Amino acid sequence: MAKVRVQQEDFDIGAEFAALSAGRTDIGGLGCFVGTVRETAKGRKIVSMTLEHYPAMTERALARIAAEAESRWPLLGCTLIHRVGTLLPGDNIVLVLAASAHRQAALDAAGFLIDWLKTRAPFWKKERFADGDETWVEARAEDDAAAAKWWAGPPSRAAASTG
Amino acid sequence: MAKVRVQQEDFDIGAEFAALSAGRTDIGGLGCFVGTVRETAKGRKIVSMTLEHYPAMTERALARIAAEAESRWPLLGCTLIHRVGTLLPGDNIVLVLAASAHRQAALDAAGFLIDWLKTRAPFWKKERFADGDETWVEARAEDDAAAAKWWAGPPSRAAASTG
Amino acid sequence: MNQPAPTVTRSAGLTVLYFAWLRERTGTAEEVVAPPVEVATVGALIDWLIRRSPGHATAFASRDTVRCAVNQDFADPETPVRPGDEVAFFPPVTGG
Amino acid sequence: MNQPAPTVTRSAGLTVLYFAWLRERTGTAEEVVAPPVEVATVGALIDWLIRRSPGHATAFASRDTVRCAVNQDFADPETPVRPGDEVAFFPPVTGG
């Protein structure tokens, strides 16, 4: 059911919401996260970011992450789109979108999707700085911690609300 | 900084994302929730939902909720749009959108905004069923619990990640 | 006996608004009322309003499901009300 | 002495892919290699690859920052590798 896509071109956020909910009357809420390129990285100004990926593996990894979300929450659809290639500050990088009958499931699933995508999908970012220097972005312990928290099951805040 | 709006007409999700991030390069992530009209309420089929509000109070209440979010997370902008009037199954009801340098703040703020909006903004829903019966939607204890969880400060999952 | 009689009505009225099923049960969306000066809190105002009509009595029959705002701020039964205030009664909110 | 010499090469090669700084340090995006049969796990393959060039040695110098996938599934040093497999090496992922 999930839609996953890797592409160079930008995505149309409104069109993705519309595609997921078109003709449906069972959805009560859609949770979404869009990641964008920030101009500043560790206090330095970047001029561009290049995203590399492992083509044979990427869509499969995204589909698995989506399937895991669908097994954890009663989703009525989800969308993962990740861009590759060279992006500029302000550009969109990634969109995750999850639809459910109830808002907490939609929001929690969106949070899960981006946390797992950040640690389980084969993308690598290289930042190019104003002085011409280029460095590969290092993985962050916080991202691992954010992804790991989902191993304990839905967080307690999810248990507090079903709609 | 927040944009709040109450309107009868539908909103354009893509345009709201674009308006919030236009010309900016400091945003790293946008968290969003869109609530929609479900066709089924407590097992009964609804044909429409009418949203009433308290005009003199509504935008002020929304602005306060947004200001509270801005005091809790380092937001770079947020948008709250709520529709009023008669809506059909599948129609959009509400949009909340929060932008931040880091994803967890954006997602947590979006969750906070919808939880508080549900319990602190003066809107009332009336459902009209296929048999002509109309009933006011009752407030739900789960919504109060979802809103109350934010009193304890950001949940532990927010502490696990800063980006 | 030279002392003037105590003023028991106000010169300026209170505007009372009703929303959702409180509007339906009172049959009123808005009314301007002039309660006696003793009616100085939301709770006292409700006690006074329920005598206005059977609809008002029905609307306020289950007080723990009635919420209130005074001058567009959420209020409770102890919140003071004064001439010129806008007092709104409504059920727990259900937006979003 | 009549016994044939043990076969130390495979008939089908292993395809090895490198991404991000592993690609830059090895100077290689993809290579097909034919290690001896004793090279039966990811860990053994790394031990064998680092002898191919100084670039390979540099790429794998800090092994705890190297991740691996075998046939597009995440793998670890104990994961078996067989002729025909596609083995990819890369840094911890940083998408999103």
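Read from first to last, the chains carry the letters A, B, C and D; within each, the first residue is number 1.
Everything below uses one rule, namely that a contact is a pair of C-beta atoms (placed from the backbone, for glycine too) under 8 Å apart; a residue touches a chain by one contact, two chains touch by 3 or more.
All of these numbers come straight from a predicted model, not from anything done at the bench.
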Residual chain groupings, excluding chain B and keeping positions: A, D | C
item	value
Inter-chain centre distance, chain A versus chain D - centres from mean C-alpha coordinates, in Å	30
Distance from chain C to chain A - Cα centre to Cα centre, in angstrom	50
Length of the line joining the C-alpha centres of chain C and chain D, rounded to whole Å	78
For chain B, residues contacting two or more additional chains	35, 103, 114, 143
Chain D, residues touching no fewer than two other chains	96
Full enumeration of touching chain pairs	A-B, A-D, B-C
Residues of chain A touching chain D in the complex	35, 51-54, 56-57, 60-61, 82, 93-94, 114, 117-126, 136-139, 143
Residue ranges of chain A in contact with chain B within the complex	12-15, 17, 21, 23-40, 89-90, 101, 103-104, 106-107, 110-111, 114-115, 140, 142-143, 145-146, 149, 155-157, 160-163
Touching residues on chain D, where the partner in the complex is chain A	17, 19-21, 69, 72, 74, 86, 88, 90-96
